[in-house]
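Note that the chains take the letters A, B and C in the order they are written out, and that residue 1 is the start of every chain.
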Amino acid sequence: MPTVILNDTSHDVWVDSATISPENFGMEAPPHAWSIRKQTLRGGRRDGVDLITVETGGLSFCVVPSRGMGLWKGAYRGRDLGWKSPVKDGPVNPAHVNLLSNGGLGWLDGFDELIVRCGLENNGSPYAETSPDGRQTLTGLHGKIANIPAHYVAVHVENNAPHAITIEGHVDESHLFGPAIRMTTKITIVPGSKSLTVRDEFTNLSDQPVEMQILYHCNFGPPYLEAGSRFVAPASVVVPRDARAVEGIGHYDVYGPPEPGFSEQVYFLDLQERDGKSLVMLRDAAGENAVALRVSKSQLPCFTLWKCTGGLNDGYVTGLEPATNYPNARPFEQTHGRVVTLKPGDSHVAEIGLEVLAGAQDVARIEQEIKTIQDQGTPRIEKGPVEPFAKVE
Amino acid sequence: MPTVILNDTSHDVWVDSATISPENFGMEAPPHAWSIRKQTLRGGRRDGVDLITVETGGLSFCVVPSRGMGLWKGAYRGRDLGWKSPVKDGPVNPAHVNLLSNGGLGWLDGFDELIVRCGLENNGSPYAETSPDGRQTLTGLHGKIANIPAHYVAVHVENNAPHAITIEGHVDESHLFGPAIRMTTKITIVPGSKSLTVRDEFTNLSDQPVEMQILYHCNFGPPYLEAGSRFVAPASVVVPRDARAVEGIGHYDVYGPPEPGFSEQVYFLDLQERDGKSLVMLRDAAGENAVALRVSKSQLPCFTLWKCTGGLNDGYVTGLEPATNYPNARPFEQTHGRVVTLKPGDSHVAEIGLEVLAGAQDVARIEQEIKTIQDQGTPRIEKGPVEPFAKVE
Amino acid sequence: MPTVILNDTSHDVWVDSATISPENFGMEAPPHAWSIRKQTLRGGRRDGVDLITVETGGLSFCVVPSRGMGLWKGAYRGRDLGWKSPVKDGPVNPAHVNLLSNGGLGWLDGFDELIVRCGLENNGSPYAETSPDGRQTLTGLHGKIANIPAHYVAVHVENNAPHAITIEGHVDESHLFGPAIRMTTKITIVPGSKSLTVRDEFTNLSDQPVEMQILYHCNFGPPYLEAGSRFVAPASVVVPRDARAVEGIGHYDVYGPPEPGFSEQVYFLDLQERDGKSLVMLRDAAGENAVALRVSKSQLPCFTLWKCTGGLNDGYVTGLEPATNYPNARPFEQTHGRVVTLKPGDSHVAEIGLEVLAGAQDVARIEQEIKTIQDQGTPRIEKGPVEPFAKVE
């Protein structure tokens, strides 16, 4: 399989900019045109950020090695995947993000991605602990991984049609006395298809067991999100996170229009599966366009729905968040056994399929697939926060 | 008006280095020679910093897009504008500034400018708040704006003589769940003149009201500051900030020589105006050279005088600080209504004129202009800190 | 003496990459071949890091101007000097290190050097203080100097054989209201020799007295560190830092094999000297290879031994740490008078000689030299932490 290494710090390999297309691999007349562009962005808070744009005719997306191999933006035939964050000058170089700002909410200073990983030492709410000698240790929202640049980045293209393209990246979250986890991500797309997969392997590089958490914050705004959009999922349990979420529990799966000042509502879900696979969807009001996520509970047992339907300028957005845990502060998750422990050398693999559904027929087909899973049982919708999902004050 | 865009992240425009002169615009034999140089600095803590130097024969100055469009250094005919900070290796890339260092005083790690903006979410003293779940939220000295790189930078030159030059820059202080303010600054100079104007427009990009503060920390050391230099202003009220300032209230407007170990003294002033304009001046002992600031209280109602006349190597400096507020911790300013609220889409405009006065005649003229304003009333000079200006312990 | 300036921010001098060899100085057929390579690293967390590699046939080493002129890696005839840190993607740009992370242990996020300086405002354990207005001021582990880029870097080569090579660098730790110390380091090697010297001059640039601390964290893993390696030093006193160190006091100078989960043990030593010089050594089990450090107590009165013999993947390492103080939190060191005070303009000089010993004869020679110093008196080995060395709880 032909490979172009764009960055390998251990061998001083660095490609500042490049355009890769079928011709580079001697592929004449591939069934679907595609191109990969590597840039190094300049100026503002993005100065020095490494960006890879993959175009495949229909589906396109950007990967940001500098921001932990997150998926920045995407589009399918002119319809944006992702959202309009109040961070308008991204992708932000992590050098300009102080994760401890604003009482541990500094992560938001760079938050503008379509898919951003939260972890690995922790994800979820920030929290403070006090050391025996009186130091306050603040652990910030959603961890560090999204703000660690990849030290290895490569593009692989399959020799044989349909010439699947894979962007590979390695990101280490590792330091003395700390966890030492390497994430090896492979983001794969088949030109001509309407889906991509993110396959991450988290390997414990240490000689001791290590604990980790991973959450995929998959964020969608218009046009998939609009008044009347629906979240469709084969839930077995739905739990409102707090009093604010309780207010909307009756219509947790329906979206309202942009409402300036809308305060976020968060729901914790247990999904049903069939053959070890689950599937959730966000579809527009007319049921004509949708995005779906395919996940496996053996890899990502928890699912969180984030509704943040404030004003269009304030980031009208919803987050579909498969994860190893719920995004409560880590100590709570630990108490409830929702932290992954890896033995030395062991790995945890997580895979997400992102699928674009174009046209009512496509949407109906996926809705039917979800219904088939849902048919195994009616969801229990809790009226208030309940343990072990949410912290009951 | 001819324009050269030096940086526009939203369109991938970046000019790494350039020299712009009248010839570039086909201006033959302009009345006053001028040049604009754009550099990207390398090495040390300034690595990657974007610098624009404007030379106009007499008056010259540098703008640092990477540091929130601050004015770094200036000079008029060999006489330095600005000060000699203990930060000798600036301008410092914000990536090397941790605003939370030293209990929230990390801002000082990069502080070396002639004019640095303090804001926008807060300015003034650092303060700590504790969240319901026990996290300490530390808000640092003087806010973030001076450490946010501009994402758009352009140079405009008027077609017609005297060919006013404007450096424009856009800086966003914006994130999810936070304020979303865009500063559009225009720094304008007419070649051949001894003055420049800084005109800033702060626009609320959000769908909700936003609060903001802005203070212009205009800093001068030798040769304008020396033993016997005077601060001249049409004050209506002068309030010492604290016990330390009380010690010097009797000669608050006169400067002593460099005194190693001198502890800063801060005075809060209410200025008088005439026709909606006010004017303050720092003049040397002989009254032969001075710098003046023109401000409008409708834009910047508060004025702070900062006397920091330590040793020459420790930053012998004075700050003339027009602002929307006094640089107390933000909660105190909020209590006293000195925080600007902007409705969605609304803007606050602030403009400062910086004028160099060369020669006794020039200085006397401005002194007379200030006297004319002052003639409206005698200043009330408080013997100690009084509310609503200063916190009374 | 021929000089090549690689970086001088005050004069806009920057050399992005270069290879310097005897030919550049017209030195034909020098007695020992050597070369100096300057690179600017790209990608990952090392993006923008400035690296200088000195090869002299036998001994080679790398200096990282971007990381406070630390010595990153070294080798002597294929035998590595330094250690394998869990930080595998270094040298890490300080822009990606938040010293306040993890309750003040953020320094570890970039810690992977052979010799890293700890200081200058503080070194040792992190600690918290609370301001009168309730802000917690967190002072991080080991200070800032290792994360401040040098603003001046030059290479000097002696005209006359044996053509000693010196890498010079200037690093400022300085800001308004803070200490203003310039470190001028000269790292010198004579091609063909098996040793190098690090000579640092710390100058108070301020008009007021300044306090400082400096510790040289000299770190060695395999092959010098292995089961049965010994630490040899002319101690007069050995004090375990805490209960954990007490457990190993009986064999504090002997190393075990890598033990996953091994918790660090720290010993505070007072060394003896002869003619104002002391000498310590780490030698392998067979006594065939060793590294030695030459220090002077008038410059660096304290010595700390750090045993951190965890798993090979977790950083099996020992630190030999000559310093002005013991790495307790600074307030404790201050109480015990182990903080250096510099008058305005004054300097503190510290010099370390690093020597590689190859072959049993070489090792025995140094062991004998240490024995000669040790003969002045038997060490007192404390059974537990005692003041003034360690904090007694």
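Everything below uses one rule, namely that a contact is a pair of C-beta atoms (placed from the backbone, for glycine too) under 8 Å apart; a residue touches a chain by one contact, two chains touch by 3 or more.
From a predicted model like this one, the values you see are computed outputs, not experimental measurements.
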**Q.** Remaining connected clusters, assuming chain A were absent and nothing shifted
**A.** one piece
Q.
Do chain A and chain C, two copies of one chain sequence, contact each other through the same residue numbers, with over half in common, or through different ones?
A. different
Q | Intercentroid distance (Cα basis), chain C paired with chain A, Å | A | 41
Q: Please list all residues of chain A that touch 2 or more other chains.
A: 48, 95, 98, 100, 136, 138
Q.
Looking at the complex, which residues from chain A come into contact with chain C?
A. 7-10, 12-14, 16, 48, 50, 65-66, 94-95, 98-100, 129, 131, 133-138, 148-153, 172, 174-178, 180, 205-208, 344
Q: Please give the residue numbers of chain A that touch chain B in the complex, ascending.
A: 39, 41-48, 85-89, 93, 95-96, 98, 100-105, 108-109, 111, 126-128, 136, 138, 258, 260-261, 308, 310-315, 329
